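Each of the next two complexes has subunit A plus one other chain: subunit B in the first, subunit C in the second.
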Partner chain A sequence: MSAPSIALALRALRLTFRRPQFLIPLFLMPSIFLAVNVGGLTATTRLPGFPETTSFLAFQLPAAMVQSLMLSGLQAGIAVSLEIESGFFDRIVTAPVARLAIVVGRLMAAAVLGAVQVAFFLLVGVLFGADMAGGPAGFVIVLVLGALAGVAFAAIGLAIAFRARQASIVQGLFPFVFAVLYLSSAFFPEELLQPPADTIAAINPLSYIAGGLRAPIAFGLQAAPILEGLLVTAGVIVVASLLAVAGLRWRLADGS
Partner chain B sequence: MPSRALESTGVSHAIVTSAIEKRYPKGGTYAVQGVDLAVEEGEVYGFLGPNGAGKSTMVRLLVTLLRPTSGTAFVAGHDVVKDPASVRASIGVALQDAAIDPLMTGRELLELQAVLHGLSRRDSAPRGALLLERVGLSSAGDKRVGEYSGGMRRRLDLAMALIHEPRVLFLDEPTTGLDPSSRLLLWDEVRRLRDQGTTVFLTTQYLEEADVLADRVGIIAGGRLVAEDTPEALKSQVGRPHVHVVLLNATDRERSLQVASAVGDPRPGVTDHCLDVSVEDGASELPALVRALDEAGIAVAGLDVVRPTLDDVFLQKTGAHLTEAEEVVA
Partner chain C sequence: MAPKTLPAAPQSPVEGASARLPRLVDPSAVRALVRRGFNEILRVPGASLPGVISPAIFLVGLVLVFGSATDLPGYGTDSFLAFVLPVALLQSAGFTGGATGVNLGRDIEQGWLDRLLLSPTSRTTILAGLVLSAAARVLIPVPPLLVIAIALGAPMPSLAGFLLILTIVPLFCAVAATWASVLALKFRSQQASPLIQASILSSILFSVSYAPMELLQPWMRAIAEHNPVTYVIEGLRQCFVGEITWVATWHAFAALGGLGVVFATLALLSLRRYEG
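Entry: the complex of A and B
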């Protein structure tokens, strides 16, 4: 991690926390969904095929987490688009900084923010009576996976931003977040989804990321979902980061 | 490197371009077309032209934000296409509009810029403080930039461009939109940089700015370099100064033309009350002209020495005044 990457990461974090209009929805919107789902749909745990869980709240916490992480990924893209539009990005790229360092700086900030986001929802869970099935080790796993998922979604946001260039275009993808979310097993077990939603959920990477976050909270330290979650998250990071770097290079070569 | 011939003159060049062009695929229009430049080290080079003439595109080519369609460009001895990283390490850039993050403080931005240019975190704080003081922003250093005036933003922008003591500084329309006092402050800073030996490539649409600040001026119109020399040499190409005489009585004009021919080369003015006397210098012939008119009993309402301006140069080269050229050359 180079000094420029760290400086850019600190700047990105500083700006995130200085933009309450960006920050608050990351926590508020998923909290509202969480409250509505837990308040009205707890009876679904009695449906045949619903897995044994410590509580419906514990089961729903990962859904709130991935929703929040996806929104922050989109916001990372919007922030970069705004920098491109304002010309601030030109200032960064006329400095003798490796292009990779620019992307890495943003992703480092996303990792820290991701950990903060999942910690917030864990705290909400604890305050409202959810047990941490995986204990302290599970807590650490959730933090690590949350940070990595934050990086993955931010990398997707950057890849889109470098191509789109306009914040309004990136912002227009907001409904897509919910489509991807509902076409995964983040809210409900895959077994309870009807075709073709169950098929889509089976191939949706978000299902595995949510599954990896869910296991330590709701079921315990189950190796398979946690490893699947880590692997899928790593895969998304690699692919999206490559796309982001390629997008940045394309943008700089295009220059307009 | 195409500057070999230039090097043989014994002059070092901070910027050299050869037939550089930028053509945009959409519409195939040329933003910059076949421009040759040779900016000497330590020189303030003014790049003068109306909006849309290609000034900013030229800057973006030289600071590696754009790739040229053809031609070559070297900045601080480095090829902008083959070795952009070395170019970036040698230059300071203040682009148009002073794109500065409003949510960060001046000090934070300077320290970030310092780290991006390779200074350690330990060194970046004192360097940032020094530059804040230099541009008169010490007391505002910890305020968010959103609270800054336009002039303060421009000064911070300049400080950020100077954080690593660049060899070549690019200022893209640095005073556009500034009030007169902020403009003068920025001019003083540019002069100070020249005195320290920094090469300054300055684009402007203001005639006075190019005239006052630049050692040499390049005039760009429609993406082409149409003239280049020192401001004085460019103006002397257009013609000599003249004394504009306003007569009290229009009936004296014919006689005043005869009298003035002893001092210079007179011609009738645009109204019956006026004549213009072309002279060698202006100031030195003025007393003789006043005396001659007075001795002839010709009453004068006003006299004015009019020297050629860079706008006259622009007019001669492009057929339009700089102020009205935006529509003509765009």
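Entry: the complex of A and C
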């Protein structure tokens, strides 16, 4: 963790929190969907095959978290694209700063923002009556997994941004965030999804990340989903970070 | 040399006043504003894609995820697709109406609205042009969305159903565009975009969007019962679930009329305040 990485991370965080229009998709939109799902679909817990849970709100909280974290990753990509378009990226590249710091700084900011995001939704859950089935240990696990998932999605955003030539291309991926979400078990138990979503959800990494966040909140400290969540998140971080660094190198070599 | 002729003086003070004051609604100016709205679509075709793609993803995604909800009693259909299709149609109308506000924010930032206000055009004409442009533009995403839904198994609406869809959806779009214009005139910037879209989306979703009234949580039921958009959704839903009834139809039009009057008044007041 070099000083330039920390400086770039702090800059990214300042820019995010200074502009409310950046925060609305991260906090307000997932909160709206959370409220609508809970208000409209709580009765679905009566469906045969729905697992025993502390509450439907607790079950839905991880869906809001991953939605927020994915949008945050997309915004990290948009921010980098705008920096490339505005010329800020070129000025950073010509400065005496290790090029890897550009990626690391963004990912550090994503980790902090990710922890803030999941803490926000945990607070919303507690305020509206959700119990934390995993207790204080579960709270810590959710914070750590949320921060790691934030890094994973930001790395995907960066990998796309370095390859895309315009911020509008990255921005155009917004609907696909929801496509990936709907093809996972983030919102509903895998057994109750309609085909082919049930089959796709079984191999969608997002299902495991949501499952890892869900267990400590809605079911308790179950080792298997938590470990699966951590392992899958780590795998996404490694692959996406390698792609992001490769994208950065391509951008520097391409120069356009 | 022929003597120069001066323009004829007004015959009376009343006639002079009518010559200076713009008409309440000038159809040719409205047509020009609607054409300008269509030019934006024709010149940037990609701009109309979110109006189709987002509601289509939303519709298919909801059905794949929550499709088994209709196993619960109360839905009146075993097809969740038929149940949520009206929500996707209104979402499409909401996106298109919201885009009108975002474009107005851009026009304010670039000074175009100021130039328009300097022209001898009434404020009602300007508002009518913006709103009618949105109502006409929403007819672009509606057919593909209906085709996708019917291809996936949604029931084919009757002729009366089609007519209702082609009336209610543009009217809702006009209402959304009027509300979006109020927000754009208040914030005077495209940065109001998230607020515009979030408020329109919330008005659609905090209703009977995902479940019938009797299955909603008590707090959600309280909101849905007082949300006029509930009646709009039910008016549209009868085209796909159950039969078309006079009561559901006039409730939908009454809700749209009420919302339209309130938001149009607010928009005209906002325009006046903007000039001030």
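In the analysis below, the second predicted complex is superposed on the first by the 256 of 256 C-alpha atoms of A that agree within 3 Å, B and C clash if a C-alpha of one lies under 4 Å from a C-alpha of the other, contacts with A are read in each partner's own complex, and residues count from 1 in each chain.
We take it that a residue touches a chain if its C-beta (ideal position, glycine included) is under 8 Å from a C-beta of that chain, and two chains touch if they have at least 3 such contacts.
Keep in mind that what you see is a predicted model, and the values were worked out from it rather than measured.
Once the two complexes are laid over each other on the shared chain, residue contacts for A:Ser86 go to subunit B alone; subunit C is not touched.
By the touch criterion defined above, A:Pro4 reaches subunit B but does not reach subunit C. In the overlay built on the shared chain, the residue A:Pro136 is in contact with neither subunit B nor subunit C.
By the touch criterion stated above, A:Leu28 is placed in contact with subunit C alone, subunit B being left untouched.
Of the two partners, subunit B and subunit C, it is C that touches more residues of subunit A. With both structures placed on the common chain, the touch criterion links A:Thr94 to subunit B but leaves subunit C unconnected. Subunit C makes touch with subunit A in their complex at residues 46, 50, 53-54, 57-58, 60-69, 71-72, 191, 193-195, 198, 201-202, 205-206, 209-211, 215-217, 219-220, 223. Within the complex, the subunit A residues that touch subunit C are 21, 24-25, 28-29, 32-33, 35-44, 46-47, 172, 174-176, 178-179, 181-183, 187-188, 192-194, 196-197.
Of all residues in subunit A, only 3-4, 7-8, 11, 14-15, 18-19, 83, 86-88, 90-97, 252-253, 255-256 touch subunit B in the complex they form. The residues of subunit B lying in touch with subunit A in their complex are 24, 60, 63-67, 85-86, 88-89, 91, 93, 95-97, 99-101, 103-104, 108, 111-113, 115-118, 120-121, 160.
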